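Next, two complexes with chain A in common: one pairs it with chain B, the other with chain C.
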Partner chain A sequence: MDLTKLPGFLLRRGLKALIVVLAIVICNFLLVHAAPGDPASVIAGQSGAADPVFLEQLRRQFGLDRPLYVQLWIYLKSVLTLDLGFSHRQQMSVASLILERLPATLLLTGVAFAFALAGGVTLGALAARRVGRWADSFITVLALTFYATPLFWVGLMLVLVFSVWLDWLPSFGMGSVGVDLQGVEVVLDVAKHLLLPALTLGLFYLAVYARLTRATMLEVADQDFVKTARAKGVPEGRILRAHVLRNALLPVITFAGIQAGQLLGGSILVETVFAWPGIGRLAFEALLARDYPVLLGVFFCTSVMVVLFNLLTDLLYVVVDPRVEAAG
Partner chain B sequence: MTISRRGLMAATAAAPVLMRVQDALAQGVTPRRGGTLATILTPEPPVLQIGVNNQGPTIVAATKMFQGLLTFTPKLEPIPLLAKSWTVSPDKREYTFRLQENVKFHDGRPMTADDVIFSIMRFHMDLAPRARAIFQMIETATAPDPHTVRLVLKQPFEPFLLMLDASASAIVPKHLFDGQDFRTAPAVQRPVGTGPFRFAEWQRGNFIRLERFDDYWKPGQPYLDAIIYRIIPDSQSRRLAIETGQAQLTQANDIEPFDVPQLRSRPNLEVQTTGWEYFAPLSWIELNHRVKPLDDMRVRQAMSMAIDRNFIAQRLWFGIGKPATNPIASTTRFHDATVKLAARDLRAAAALLDAAGLRPDAQGTRFTIKHLVLPYGEIWSRLGEYLRQSLRQIGIAVELESTDAGSWARRVANWEYETTLNFVYQYGDPTLGVERTYVSTNIQKVTFANTGGYSNPRVDELFARARTAVTPEDRQAAFSEVQKILVQEVPQIWLMEMTFPTIHDRRLRNVITTGLGVHSSFDDVFLAS
Partner chain C sequence: MSLLTVEGLTVALPPGGDRPHAVEDISLTVDPGEILCIVGESGSGKSITANAVMGLLPGGLPVRAGHIRFEGQDLLALGPDAMRRLRGARLAMIFQEPMTALNPLMRVGDQVAEALRVHGAGGDAARRVPELLAAVNLPDPAAIARSHPFRLSGGQRQRVMIAMALALEPTLLIADEPTTALDVTTQMQILRLVREIQSRRGTGVMFITHDFGVVAEIADCVAVMQHGRIVEQGSARAVLDRPQHPYTRALIAAVPHGASGLVAPAPSAAEPVLRVAGLRKTYRRGGGWFGQRVEVPAVQDADFTLVHGETLGVVGESGSGKSTLARCVVKLVEPESGSISFHGKDLRPLSRSAWKPYRQKIQMIFQDPFASLNPRRKVGETIAEGPITHGLPRAAALERARDLLRLVQLDPGAMDRYPHEFSGGQRQRIGIARALALEPELLIADEPVSALDVSVQAQVLALLADIRGRLGLTMLFITHDLRVAAQVCDRVAVMQRGVIVEQGSTMQVFSAPRHPYTQQLLDSIPGRGWTPPDLTEAA
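Right after this comes the complex of A and B.
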């Protein structure tokens, strides 16, 4: 890899990324405001009583009484100074609302991601190595099943088995509340709560990675350089690791890059079923309540993450496959 | 019997407390100190400061931290709380309250008449539409001494006491709000009240923890050490939480009605449907009278006759709630049991539609109407589907439209709907919670106003008379006549007197002791061993 090209590459990509993110912010802003209803009408609709004064007070407090372009201008200015605004509905700054939820989301998605990636690549490689035999069939069927089953159903079934029938694991939440736990106990408690949601979220991606790894490995295994390696007498294990797997990893990295970009967004479905206090639910509830600043804040963080991970993926290509050049 | 006499009779604060302890004793259990109650809150409230936010879940949790001057029995008789006694002048204009003397806020400062006057005249008047509408009638609010409050109204107002429950006018600390923007004051994030539990911790999206307030004014209470409200967004997960004992109490919308029968059959759980007498939500098909042919009384009567309210109550709500008989719920004051809606009669309904000139076409359809599904859970979609089936029987085709809470509220407020479903709290008295839907002076572009656009000068006049009449007898006469007219003209198609299941572990005692049910302070709730 030609390191001298790197700063220029990063600069060009950074500039592009900035324009993309700004465009996303503007699109999001307009889209969010295009939905019918506003936070004031939602609160009025759920308070059991309302009068015009109440709505006017709320709209003034939320800054909704100003023209839309003024609101957009104010929002853009604050985003450019990395100020994500204030949720008047919840009386908290958007940054602190997001930061409060971020650890939960990163823990869940991170564990699910690591589990899916490690498990998927291992299973895929195993299946490719034993192609056509029972282990391959077993893994393929398993992967297909997880791939085709809806997430929420997997979640519900896991809860049914492990919480209701076996009573081994808690069915919701991120930890025991109101119990005094110390040190290791806290970690174990969170781990117990984490197991089912992480498994639910991870199984789908595990299937994706397994199928992807198996398919590309089989494709690469037929190529000339593998035959050459085999003719040279390189041991089979080393051929698989150094020649086949390494070349088969590119599509896996592409997909992992996409998934990693979504890590920050969390998963509305899994977070809802398991009452996991993450970002996905924050965004979903903000959408229902028309809590614009929170929704836009989550969108902003997620889009920045996606852009960053795309960049990182491109760099990783170069590392894994030296033939690929970093070009803006 | 008048409210003031009941008030004088219930002049000591200790009486109802003792009564409830005796209830417990009658079951062979003495109240036990200690234990943490794990329960559920859905959906998560935006803030816990009552007044700043008055949504259902906010009131459930906030009433443990905030109290009103009074609370109410299931028959809506006042029970002393922060006011230990009171007198009402015979003309129903002067209300004098004697306050409890040893009440402290959670920050240690004493509660006095100043706080009460501030809460009523400034805090709730500024923030809450419901309070504003009534408290504007107050001419003077004075404190002859630190523990007496005297309110003089501009006009007689017989249902005034009903506005003094915590859900309508909780007493807040003046020293934490005075001179600040009430909505943004720091106390909104860390609520401080006089209730038996104080705010401890809130991990958003996860749980809210309230702790026992050791300086609570009732000696020896509360019995519980803490209450934890878990935020569980999925209804099946909530059901699982109560089934597996991870929660000991569910309330309001936590459990879908169709899950209740299975929970009823569990020996360790108790299902109660009382405790909603004060709010008394009544559900109805909300009709927009500006849409033809809904402006025709015969069409509305026909639609009402096509619906089997027993089916709705028994098969959709599984016995949680009962069929509506008229616009005033049977638990609300001045309900007239002799005034009843026309019974289900498909033939008569068809005849009415014929008379209205709406003949069926070749497919048997007389007219098509849109229905905006109420986006508050699956049960309302099921009800929408049932209504489509019922109305098809008399040749009315219903097109269902799906929406979310934000769009629903906006469209109903702006009159941009043909039909939808709605349920509205009655707050114990028709003047407080029924009048607003039918009087022409309240035709406004706001939810819970007269959004349907019904107008009848006689109805306006009767509600106005009942509002200022001094004696309950006079008010009853006006309300009885109004009920007769409304049942005849069917401005909205009333469906059910709603209630919500309160499901709790049998060891949890005294959960529902008042007409406010789970919206009470829980100072006498305990976990039996």
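Right after this comes the complex of A and C.
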């Protein structure tokens, strides 16, 4: 594409993204406040002192006694200055809570994403190349199985097999407790803990990519330009790589962009099952405790991620497919 | 010695087809520097023959018998890898659809270079690619080489395909309907290019086409195919001027030959049926929040009138706005200004409901008989739907549908069948019956015969002429094919880039064109130097 158009494209898209994020922030705020119960009543209930005076005092302390639009205005102002507020339950600023947990989630989802994408495209390409033969049937059945199995069940079975029966891999946490490890050992330890949750999170998408890649490759293989390549005397291997696979990857990229956004949400379940200390679990705990600032903070953070991934996908599309103009 | 000799080639079809063999007992030769045209209608096996020579037959079509000898070696005896090394180097092929024949994600120059590289000549690709692109008369070869295919027009892409095919100076070029998807002026340029390159290098060419005009334009020798067999073969002059086989004679008789077989009705002085004045339609694209809008003027200030019983042809190349013009008249497209007066009543400002009574009077026949009928509805239902919508009782509407099928020469038993059970020509008849069901006064035909084989095309045109005479229809006939226009239209309007550049009686426009664009169009009709022999008595 024309690289001179890139700054303008990024500027326009960035502006749009900002508006979208702002709309999401308002929606999140209203949604959270539409749920019954507020932090004051939860705290009061847990401390066993649910008298109206104490409740009122707590509400005033948290600013919950003011009209909703004033609360929204105060929240918006603080978000715009990147101040995500203070968690009264955890006695920490929301930003530092999230920053503390974010790397774990990014590591988990990043590895799961890369695994799903690389594995799925490879399997799909293999299946398309050997269409109708046993390798194709095997891959198709495998992909269908992963596609149809619920995520939590896969997680539990993996724990059962690899942790309980074989005792090869740890079943929870991000690192071994009570051992003093150095350098490479730390990396290996985290990798061992990462394996099962990443596999659980990635298998479903691996199946999706494998099926998508296989289907689009078969479709592209029927197109005229593949015949042109064959008429030029291009060897079959190169036809598959340079002509078929490249064109077949376009829908895969579209889907990967959607998945990248969804991974953060999907990680809540996996983080809970495997006790992975990421923001998914943070959100879950905050939800149970009605910890509004944390919940909103996590929502804000994930929505920014989704918008960012969308932007990245579009950018990638512009680079990969020359027909897509860097417009709007 | 001949460059290519095909002897007794038989290729099987998968079991359950309408015939056991795709091609049967095909024998032909191509000499160096000779252009052999293989002519036939769709399904006659001409593409199968070409693909067999290239070793590109799909898996389900095995060669059962015969030899293909090329430069002394038997191609059918070669292994896949040896065959691959010949393809692109000694034998090259170009295809019908230039829009899809190039990889959309690869720069044009890289695709040409790939042809060199896979045969071990990639070293001087940087020098050779611009040379090759220049040799097919592409302007600014360096810039074209850096472009992606979607930036190029159909004609430019076909030139790129030719450059790619000729990269390694093959001795045999196979061209499978290379100009069918192109506009007539572009077609002529490509035909000249093929001729020029072929004579300069002495390349043998196997040229597949369905168009006898193209044959007359470039062929040295002709082989006519029907149902997988060669029915007639010989020098171009002999086959074109003295066809022997009944099928060849029928095909040549079906070629639209300009001379209108119709007696033009005397233009009545009465009030015109349709008067279009100052019609304008601009397509707008893009926009969005911050984007820039792109405006494409599709029709600009179109003026024409149609009197009762007359056929006006609108001719032009793709993108000239002729279909948009037709669609404006039936309000499938909303023009932004101008007037469309039907018997003096301006239809343009009418609302959808106010338009409804006129829908009955103005009906349209569409180009693609495969796409314009709902595949899930029976033919009878499709034809009866219009009258029922306009208030005719169901039984009466179905009765009328039956009569109409008879009128378009289809068996009334067709009522209860689905569109996929019919051939292209039959579907177009159904489309005509559907349009006639509402007893329209004005019929708008948008390229009604463009998707049909030449013999079927002749039948449908004859049917249209017959119905028009019997029912006293007025017709607006959109076509890109000047020969068809010359045959069916009383008057023609020539469109170029949204503007009607010339308008007049068919005779006058075709014999004494005033606008340079009309002259250029007429000069581009393939085989205009050839007058088909009069075979009407024999056929």
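Note that the second predicted complex is superposed on the first by the 318 of 328 C-alpha atoms of A that agree within 3 Å, B and C clash if a C-alpha of one lies under 4 Å from a C-alpha of the other, contacts with A are read in each partner's own complex, and residues count from 1 in each chain.
Simple rule for what comes next: a residue touches a chain if its C-beta (ideal position, glycine included) is under 8 Å from a C-beta of that chain, and two chains touch if they have at least 3 such contacts.
Keep in mind that what you see is a predicted model, and the values were worked out from it rather than measured.
Touch counts on chain A: comparing chain C and chain B, the chain ahead is B.
After overlaying the two complexes on the shared chain, residue contacts for A:173 are found with chain B alone; chain C is out of touch.
In the superposition on chain A, contact is made by A:156 with chain B only, not with chain C. Of the two partner chains placed by the overlay, neither chain B nor chain C lies in contact with A:214.
When the shared chain is aligned, chain C comes close enough to touch A:232, but chain B does not. Legend: residue contacts after superposition of the two complexes on their common chain; A:92 is shown touching chain B, with no touch to chain C. Contacts of chain A with chain B, set against its contacts with chain C after fitting on chain A, share not one residue. By the touch criterion stated above, chain B contacts chain A in their complex at residues 36, 38, 43-44, 46-47, 53-56, 128-130, 132-133, 183-184, 188-189, 203-207, 209, 226, 228, 230-234, 236-237, 240-241, 243-244, 246, 404-413, 424-425, 444-449.
Chain A contributes residues 12, 15-16, 223-225, 227-235, 238, 242-243, 246-247, 320-323, 327-328 to its touches with chain C in the complex. Per the touch definition, chain A reaches chain B in the complex via residues 35-38, 41-55, 61, 88-92, 97, 100-101, 104, 156, 159, 163-164, 167, 170-174, 177-178, 271-275, 277-278, 281-282, 285, 288-291.
Across the complex, chain A is touched by residues 54, 56, 84-89, 92-93, 95, 97, 100-106, 114-115, 118-119, 148, 150, 161, 164-165, 286, 288-292 of chain C.
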